[in-house]
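Have a look at this one.
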């Protein structure tokens, strides 16, 4: 079933990770991802993996859930592993026609795969522990300095809020339409590429029409509730930093310092 | 011949925090040639249940037999059996997608491998049945129709499959009183004239009281009652437990009886009620 | 002075274009503050279009709509009017904006720029008013239809609305959900004096109103108490509508010679008339 997808789902909870300010989480995540690409020695990979595992443990979410979030991207990970396996020069393990698999390739492929896994894991931790509204509020306030140069920060945040609110609704709807058309004997997802593409029309047309109808009704409902854009709008939930955010910032700083230290020592 | 469910269970999103047992060991029978009503509140498992009737969902446990054939297998026989069941989902008008009404209605027959002539014939039959004039509407876009007409065009798309078993999920939801009545009468005609077996999924007990031969009550993924209407409506505690209401006529009759009117026979449709009240008044020499 | 007043209100969609369409034709009506009125009419009779005039979502093509004396076409009053007149629509899914209940209820107050503490207070009070306190942190996706509609009602209450306009709020709900919404709406009317404009296809719901307006073919064709409106079964059926079951039963009994008072519209009336 389509609603099995968990990426982008929020799991309410009371862990330290849940109570952190969204802005702090976004900034730290950003730095972490940059760090993944900057530091490329094995010890640092170890430290970063430990950090990621620590974050998962801190979230008190079931481990299975977190691993499941990687599942949809499993193929990309395997693919990039495969590419590196064969494209890295070095001591060959065996040769297959023009391609040769190397030990260096295995190692490099493994670490590239690890990078991807870490990135997805930590990013999905942000999604899992931050309510969509806090997330968009966080993004909006991080982007708000850009408003001065005409960047539509509020509009973007509102779009994201609505998108997130409607993802489950539209997934459910897609599921319904697929089933309805299957009941009319339509073979969705069968046959060759062309047949498959053609088979999508009976699903996509109603889905778009329905999405537009929803958008239209939602716009009316928002207008009825006095929505008039970002001007003069107040927020119920003010974003304030708490102890937990300072602690997190501190610990994260130590984490980065140790990464830098290891990197410098090894070079 | 019938649709028969044997110990069917279905779990959504197994092994996640969202795991939910939607159907719990369901056994039931939809006899051929009858109108069977399945009632339950939203979330009682009705939608999950009907999706098993034509194999859209597969049971975790148990089996579904259509005319004695297990539809869970991959044989041609099972495929043919699945095709005997047509489902009109809730708000079916949201499934329309073709440029013209005729093409949309012909989509199903086309998928079944009918030839042009047969498709045209079925489209005509289906449009006539839902009271959409073929001449006028066949080549119009379905999106130009009014809400009620769209609903009927979408239903025609299922009727064109000529299903032996027609499953209707809240077919009258959102319609005005005239639209509700007209549509229900069309289904009754289909039942009478073509002998189609009808499964009516609804929480509208007045509708069920008027049309059903058999009532199945679903609550928390279990069948809590399977009986003819008269018997079903006498189990008011089961009905309210399932989040449903007795038919309004039945409630009125119970009230009258409680307040001293000498009512001897149960009544749950308007005609029955008029007769019973007249009889009671005569007994009490009041008219 | 009436709270909502329509004077010769006409609405034409796409006016002046090829596909222009008359939706509401010269409607006159008055709704008093604190009243509970129902609006009946078949699909396409113009009731939804009419309702969207009450808070200026649509503006009359000709004629006027006054809310508390303010003309809805006067832009200076648009948000004042919308704040006073909350709307609840048919599809509960398409009016909830946020992914958490309390955030959604706070949406309106945020838009009108209330101060954060006041928003919180209003949200709490609104949740209590619709008996949804325990669902404060829920995702709307996990609520039943009736609960979602109560969230939508709370969203309006949090703006200190004086009037709720509900456009077929129970059309997509099961009996339990319908009951929840009906109970909430009549309680808000009774206890808080909130004016209710309730559009519905369910006659039993309309029978609970103080007054009923009937629309047919874009016109306002009748207005009166439920007893006055449901007395005339023939006309109601001709308009594609119906009457409550009890009224129909009484009518059929009268036709067969039973002498009953003319104005039976609910069970209690019928019991009183038959069991004495």
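Letters A, B and C name the chains as they come in the text, with residue numbers starting at 1 for each one.
Here is the rule we use: a residue touches a chain if its C-beta (ideal position, glycine included) is under 8 Å from a C-beta of that chain, and two chains touch if they have at least 3 such contacts.
Keep in mind that this is a model prediction, so the values were computed, not measured.
Asks: Of the other chains, whose C-alpha centre is the longest way from the centre of chain B?
Replies: Checked the centroid distances; the maximum from chain B is A.
Asks: Have a look at A-B versus B-C and report the one with more C-beta pairs in contact.
Replies: Comparing B-C with A-B, the pair joined by more C-beta contacts is B-C.
Asks: I'd like the Å distance between the centres of chain A and chain B, where a centre is the mean of that chain's Cα atoms.
Replies: 42
Asks: Can you work out the whole-Å distance between the CA centroids of chain B and chain C?
Replies: Going by mean C-alpha positions, chain B sits 30 Å from chain C.
Asks: Chain A: which residues touch two or more other chains?
Replies: none
Asks: For the complex, which residues does chain C have touching chain A?
Replies: Touch residues, chain C against chain A: 52, 55, 57, 79, 82-83, 86-87, 89, 91, 93-100, 102-103, 106-116, 119-120, 123, 137, 139-141, 155-156, 159.
Asks: Taking the touch rule as given, give the residues of chain A at its contact with chain B in the complex, in rising order.
Replies: 1, 3-4, 6, 11, 62, 64-65, 68, 176-177, 179-187, 201-202, 205-206, 209-210
Asks: Residues of chain B touching chain C in their complex?
Replies: These residues of chain B touch chain C: 41-43, 146-148, 173-179, 203, 205-206, 243-245, 248-249, 251-252, 255-256, 259-261, 270, 273-274, 277-278, 281, 287.
Asks: Within their complex, state which residues of chain A touch chain C.
Replies: 10, 12, 131-133, 161-162, 164-165, 168-169, 213-214, 217-218, 220-228, 232-238
Asks: In the complex formed with chain A, which residues of chain B make contact?
Replies: Those residues of chain B that touch chain A are 12-13, 15-17, 51, 54, 56, 83, 86-87, 89, 92, 94-97, 107-108, 111-112, 143, 157-158, 161.
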